[in-house]
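Before we start, here is the structure in question, set down as structure tokens.
Chains: A, B, C and D, in written order; residue numbering restarts at 1 for each.
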């Protein structure tokens, strides 16, 4: 269920840094934009990926269950390939939904990119 | 038709400066808040008023016909008492409604307080 | 196929419902890509159309309104239906041109016409069939 | 007298109408004094309730929803009515507790329950009478 006809309310960009691929997400992750998030995330979970995928949610203003499901399925796929997931940021309500669905128990949730980089340092 | 039970979405404050009384208005002027605007404006149009009433609309985010009517009736009353009205500021859409109802032909509409003060200087 | 996406709002003309619906119309416009300024145009026109229904159709009392929002690719439109006037003479089903600044009549409709990209008015007489204002904006 | 101010929204479960209505619900909450965070709670809960209706009542197809917003002094409430499931077994009219992370079931309702100040569920069987989710927040 993608909205083909309305202007995008969701932006995504990626970058490689030492030991990690970073995916920066901004805007609203809902049933209309979750498929794009999934496509981009799955694109990073490939054979020659660096060891960690950092998903930067600091500029995400809305997240619903369809977005959560994308995180879950991509996290599972990443784990199968021996990749680690780190989720960064999240506004109060985005954080709340992550806690309700207990995603915080399944993947590291940190508040800043600084913390994420520190984790990479430790791992790398 | 005042909204007695919802939190205020409209702020108003007044100040006397040389030759003028300034009324600063912020927020939304609609059918629910127009009566307060009218009360405060009428309160300034009294015997011992300074010669000019400056209505600062720079922080008004919404104005409908009920607000326009308040400006009209207060402007008329002020004119009867020999007082001058200056309207300052106004966001693009607020400005648009003022032009549509031709209020701009009946009272000076300036963009900044600086311009209003300059007009006062010229008069005073 | 051009899909139309419709949300119909049923409410009574009381101050708080009118405020909620005006804000909802703006939010719906933003949700499908309207700029802040365009959403503001929608809010203002909706506000005036509902105010007219409240005052002219229902004499300032609460009365039923159906406000229909339609999104189609490239345009956002609103129809405001009321069920009045229950009393009073039928009025000319057109936008007063020019409005009459002396009696203060005609500015509500004039604002609707000038802030929206298109607007029209249908009136079905004084026998309770009511009035419909249709209006809309083009989305870039 | 405690006045209730009601806006009823009629729409079909398609992606764009669902997006518009979610945003409208947030805007209506803000219009009567909800904070940004509280309006966000309303948007999220409305989003999940409509998504449930879309998926469980209508199998992902378009189907009719009535979403009713009520403002009363101190509280903002929402009821989401659907008309399904047209097929399929009736479900327990309660919030799964705890949800089942293995099948992924029960998180939609769980979110509604946890982000809103109150929430309840009524289900009228599989014979087309539908489901109603009622929920709300307290306004300070």
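Everything below uses one rule, namely that a residue touches a chain if its C-beta (ideal position, glycine included) is under 8 Å from a C-beta of that chain, and two chains touch if they have at least 3 such contacts.
From a predicted model like this one, the values you see are computed outputs, not experimental measurements.
K.L.:
Under the touch criterion given at the top, what is the topological distance in steps from subunit A to subunit B?
P.N.:
2
K.L.:
From the options A-D, A-C or B-D, choose the one that repeats interface B-C, i.e. more than half of its residue-numbered contact pairs are shared.
P.N.:
The B-C interface is reproduced by A-D.
K.L.:
At what distance in angstrom does the C-alpha mean of subunit C lie from that of subunit A?
P.N.:
Between these chains, centre-to-centre, one finds 42 Å.
K.L.:
If you average the CA atoms of subunit A and of subunit D, how many Å lie between those two points?
P.N.:
27
K.L.:
Send over the residues of subunit B in touch with two or more other chains.
P.N.:
In subunit B, residues 5-6 touch at least two other chains, as defined above.
K.L.:
Two or more other chains in contact with one residue: find those residues in subunit C.
P.N.:
Answer for subunit C, listing residues that touch two or more other chains: 3, 16, 19, 22, 31-32, 71.
K.L.:
Make each chain a node and each touching pair an edge, then name the shape: line, ring, star, complete, other.
P.N.:
other
K.L.:
Looking at the whole structure, which two-chain pairs count as touching?
P.N.:
All chain pairs meeting the touch criterion are A-C, A-D, B-C, B-D, C-D.
K.L.:
Provide the residue numbers of subunit D that touch subunit C in the complex, in ascending order.
P.N.:
Contacts found on subunit D: 3, 5-12, 14, 16-17, 19-24, 26-28, 30-32, 69, 71.
K.L.:
Using the touch rule from the top, collect the residues of subunit C that touch subunit B in their complex.
P.N.:
15-16, 18-19, 22, 37, 40-41, 43-44, 47-48, 51, 60, 101, 104, 107-108, 110-111, 114-115
K.L.:
For subunit D, which residues are in contact with subunit B within the complex?
P.N.:
On the subunit D side, the touching residues are 3, 31-33, 71, 73.
K.L.:
For the complex, give me every residue of subunit B touching subunit C.
P.N.:
1-3, 5-6, 30-32, 62, 64-66, 68-69, 72, 92-93, 96-97, 100-102
K.L.:
In the complex, go through subunit B and note every residue touching subunit D.
P.N.:
5-7, 9
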